[in-house]
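Once you've had a glance at the structure underneath, I'll fire off some questions.
Order of writing sets the chain letters: A, B, C and D. Residues in each chain are counted from 1.
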Amino acid sequence: MGNSLGKKFVITSFGESHGKCVGIVVDGCPAGLAITEKDIQGELDKRRPGNSIASTKRAEGDIVEIQSGVFNDYTTGAPICMMIWNKDIDTVSYKQTRELPRPGHADFTAFVKYGGFNDWGGGGRFSGRNTAGFVMAGAIAHKLLGLIGVKVLAHTVEIGGIQADSYEMISEDIINSNPLRCTDLQDAKKMLAAIEKARREGDSLGGIIEGIGFNLPAGLGEPIFDTMEGDLAKALFAIPAVKGVEFGVGFGAAKMKGSENNDAFRVKRGKIVTETNNSGGILGGISNGMPLVIRIAVKPTPSISMKQKTVNIHTMKNEELGILGRHDVCIVPRAVPVVTAMMAVTLCDFALQAGIIPEVIK
Amino acid sequence: MGNSLGKKFVITSFGESHGKCVGIVVDGCPAGLAITEKDIQGELDKRRPGNSIASTKRAEGDIVEIQSGVFNDYTTGAPICMMIWNKDIDTVSYKQTRELPRPGHADFTAFVKYGGFNDWGGGGRFSGRNTAGFVMAGAIAHKLLGLIGVKVLAHTVEIGGIQADSYEMISEDIINSNPLRCTDLQDAKKMLAAIEKARREGDSLGGIIEGIGFNLPAGLGEPIFDTMEGDLAKALFAIPAVKGVEFGVGFGAAKMKGSENNDAFRVKRGKIVTETNNSGGILGGISNGMPLVIRIAVKPTPSISMKQKTVNIHTMKNEELGILGRHDVCIVPRAVPVVTAMMAVTLCDFALQAGIIPEVIK
Amino acid sequence: MGNSLGKKFVITSFGESHGKCVGIVVDGCPAGLAITEKDIQGELDKRRPGNSIASTKRAEGDIVEIQSGVFNDYTTGAPICMMIWNKDIDTVSYKQTRELPRPGHADFTAFVKYGGFNDWGGGGRFSGRNTAGFVMAGAIAHKLLGLIGVKVLAHTVEIGGIQADSYEMISEDIINSNPLRCTDLQDAKKMLAAIEKARREGDSLGGIIEGIGFNLPAGLGEPIFDTMEGDLAKALFAIPAVKGVEFGVGFGAAKMKGSENNDAFRVKRGKIVTETNNSGGILGGISNGMPLVIRIAVKPTPSISMKQKTVNIHTMKNEELGILGRHDVCIVPRAVPVVTAMMAVTLCDFALQAGIIPEVIK
Amino acid sequence: MGNSLGKKFVITSFGESHGKCVGIVVDGCPAGLAITEKDIQGELDKRRPGNSIASTKRAEGDIVEIQSGVFNDYTTGAPICMMIWNKDIDTVSYKQTRELPRPGHADFTAFVKYGGFNDWGGGGRFSGRNTAGFVMAGAIAHKLLGLIGVKVLAHTVEIGGIQADSYEMISEDIINSNPLRCTDLQDAKKMLAAIEKARREGDSLGGIIEGIGFNLPAGLGEPIFDTMEGDLAKALFAIPAVKGVEFGVGFGAAKMKGSENNDAFRVKRGKIVTETNNSGGILGGISNGMPLVIRIAVKPTPSISMKQKTVNIHTMKNEELGILGRHDVCIVPRAVPVVTAMMAVTLCDFALQAGIIPEVIK
């Protein structure tokens, strides 16, 4: 269970890393949205490994197929099933994970939960590859949000302790121009060097991604449980390796005084805005019309070639493990389009719930 | 919408700060659990303002009433409605919030979302007072978790930038013995001084709470969307003022290498454990049997008596506002039992979904 | 579990027949709807026993209390909790049901499911009294539907085999004028005589209720699972004693040919209508703009004073049972306002999902 | 929306009659169930048109493909996506339905709801062909129910007014032996003659199907909204052409007295049973251990070759329509395996919710 997300824009994920395919069903997309496989492919290509020096050598020339819900290049209101077929599978190198769970991976917990029946090839159901489905759904959500002028972006703000200095102007072009998805090209170079160093050492790096929602209308969110923060966080924690989510100044708020943290209201060009945006665009779980700001902590890729301590789950003896296979040294850049996808999916759900995006696009 | 949470242990919240009452309906509690109003009251008293020097002067001598679902001191399997009646209401001091939204509060977003029809007294639906309902539900969840040996605790680890030094041994007695819910009594004194200072300045403070789940069985969580992290985060973001949630080392993982962050598996007394617990007890969204560790960022109370900038939502003119009424200078200590409540509610839901807690207690 | 219903207009039921109260929480009601306890009471009075000769002698002078979600006589968008307190409780006569389950009642199945912990007083959670909560929620739904011109009515069309002859003109006044909720006053007299006869014999009668939705817009319903038929049927089967639900000609369709059953489309005053309405206003699970027509089979009240065969669930011996207490000889007339309530609740949910009723009423 | 069904055994349907495929995702199937495409195909073949003289000439040699969730012939606990690819598509004959909605079909309501963007080929999303997905999910549910000894059967009890005389002994072999899925071979011949006659007349026939659940444990069902009757009815109304659902004596109960309708409890071989089964195995929305008995009214196929009255939805003029294409004269026999599928899916969900089927099959 647990493979569906959303109330009105509902996504259902399926597939395994080394199974036949990875896919997603989107239910609740309004009828009348112009969409083609090309639109989906464009988003999907952003998370392609070949696009980033930090990433696995697996050649995923994934071509999306829309299997249902689109007719003559428009959505019909029916569920949209999208898939990519798995190729270039190298399961042999995963065979040892049947007995020796990889530290930091889900091998052990999946074994316990599913009684050993889980598909272990390439991490199976727990592989980052499943986020390809998230991105397909996100491509549709991005288009729907575009109809109401909402734009969702994300970028790398930290890798291996190296922070992107300043990002006054968030430029989608700059983000897409460099493999690190960073807004500061100088810092991107430093990050790249750190990644190269980690690769040589057989190690891996983590980092922080910032997601931003521009032009979001005030009034989205369904307190007190289906809050903007709550539903966004839940969606983002579905991305493997995410271990923290904060909004606005986030954990920094803990060190601030009320007089510093409170965002003063002001009238600007006939609209109520806040002078600062410490809240990250959310008050009481509801969007306030300021940019939505989220920061996501991504742990270092658990797959490292250095020797690690583990146990044999059958013999219950302590063992050592060196992970073979092809892996991303740092997953952060490839997670950037996944972050925007999950943000878009969640915001789209809220906008549909609030009736801001209509049931039929005309 | 959005006032229900959970799949199998479903809580539905209702009530307003200055309305008649605050309450909760718990659906899905197994039949046969021994429970009395005393059990609920015990938890509820922990979040009482009078219990903490940091808190509002409102005298909430709240006495819980169980209205349904309990028969002869045992749960029946039917929904359990619990309520406290509001008394000592001072709505007058909130009248200005109808026109002048308080910075950092939900006054403005609620006005936009509900077209001005929202109950503004004391923050209405957005008041921290609604968390009393969470605590009532949590009291039942704590008891259910107790049946399978699970214990959930939380404590204050930071207030106003002052960190609790060390907390090798988490002692429930020490936490409950001091009004700051801190495990280090020396640091608690420093925090108290900081709070007193902020009070004198008409300001407020935030902080960080750590929640821990002990003795959790491995295998809880429903990836890939209903993960341990995702559902816990969603539940915790329902607590007003929470702006960040992280698991294990959380944002700290962003700065670590894979070789540092990965928790090595070892066999210890015939059981598989990890040497470190950087993951906070969760791998792949599923509990791994190690202690669950969560850290929650709480922003400083937005209600401060210092003058603040705001706007008049009717005249659309810039204004100044000084907040009257009774407020917590620092909400952190009172949020501690709310954190354990929301953790318990979520873990209980997972345990029921997994069939680890049975449908009838015998 | 299972005590909440709906997607966007969500009702959560609680309470027991002989517990403290019976209540309902309505979540998802738009803000800005004018509503008072009087509005709710008006609907509630329609199911009062004293209103019908067919009914129990229990004097339920139930006065509804709105506990939350309404502020200055308008809904706020927050959950609306409504309750009636139980009085005039005569639990003594139910004591035997702890050991001797009453045929046709839920005593046995509740005992099995809840391990004997269920509240047995007056049928507890399974009593028809819980439908008072449905009617309270229905009162709000009726008002919301009124905003878009939709009117839901129901009436008794059969009791004890006696059918109401013709009902060309469905008049709400006539329905409310007679205790049998029948549109034909002559047939109502015959039904009454049959009920009196059954009472004298210590027996009970069943019947059929027809529910009609007038002026429903075309396009409501969410195929292929959340169909108009499916969701209405599910809501109606929550009413105790309902054993069948059919739409339009219903079971009669099984005997018709396609050429007879198909409703021909015609243009009438610039609108597309059907010449006949065998479909009951639903095609493909979606409303077609014609009147919605439902028929509901209600079984005879299982509580009869005649001796019946049962077993002692503790000794596992065959026994005899004579049911004491106060009971409706025929529940049909009192179920009429409950049928309209559940229809209104379901239609309201569809209308809110489709965005036809807005999130804020202005 | 509305394309997912279930709480713990969740099915998500996708696909269109003349699109690329028809499919289903099953989420919540326990890990460790032995399953192959052969198991699914066996069920799927039962609804194949070629199997019944009453059916369309479309040659659907549908071969199911399992795309995910099964590994080495065992379920993994991950979502199971299953599909058949559409072939032998003849969309030309449906082109007129773009302008001239077919009476009794969803063409008109789909046009209204989806603004004309719906896929109209072969009825698109509303085609009976989508029930192939239901049957695939049902195949898994049947296997799971088999683990706890539950068997679900269905058979034709009426077609065109001709009733199957007696069915003392429900034999799966006899049901499967004749194309009408009838337990009485003599009556099956009469039904066949009626169908042949209707075909010659360019007309169609409806009928009644009875579904039975054997060996169901007492205690399934989640009152008061997620009742056995409510959830089963909702699932069955998802089958196109179903217009009525009744349990046990159903509408017949309306004519009975309480003394006739109540099923007396008796002890038989150490087990509590009822002497009669008028309730159809359900009391208070919960299974009582007796056979579950459901009757489903199926309307005559709306597609008939006789001329029918309709309107042109663009010109808003009255028109006439003769339906081309290949159609079932009577859908009843092909609906039989769909009825058992939806019953199995629903019962499986209840059994998983109650923990009677475990999370891992061993």
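Criterion: a residue touches a chain if its C-beta (ideal position, glycine included) is under 8 Å from a C-beta of that chain, and two chains touch if they have at least 3 such contacts.
All figures in this text were calculated on a predicted structure; none of them were measured in a lab.
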Comparing the two chain pairs, does A-C have more C-beta contacts than C-D, or is it the other way round?
C-D
By mean C-alpha coordinates, which chain is most distant from subunit C?
A
Subunit A and subunit D have mean C-alpha positions lying a whole-number Å distance apart equal to 39
Return the distance between the CA-based centres of subunit A and subunit C, expressed in whole Å.
46
Using the average of all C-alpha atoms in each chain as its centre, how far is it in Å between subunit C and subunit D?
27
Hunt down the residues of subunit C that sit against at least two other chains at once, touch-wise.
1-4, 8, 13, 113, 125, 353, 359
Chain-level touch network, classified as line, ring, star, complete or other:
complete
Given the complex with subunit D, which residues does subunit C contribute to the contact?
1-5, 13, 101, 103-106, 108-110, 112-113, 125-126, 130, 158, 160-161, 198, 203-208, 218-219, 221-227, 229-231, 233-235, 237-238, 240, 242-267, 270, 272, 274-275, 279-280, 282-289, 295, 297-304, 306, 308-311, 313, 316-318, 353
Subunit C residues within the subunit A interface of the complex:
7-8, 353-355, 358-359
Which residues of subunit D touch subunit A once you look at their complex with the stated criterion?
1-4, 8, 10, 12-16, 19-21, 23, 25, 27-28, 31-32, 67-69, 71, 74-81, 83, 113-115, 117-119, 124-125, 359-362
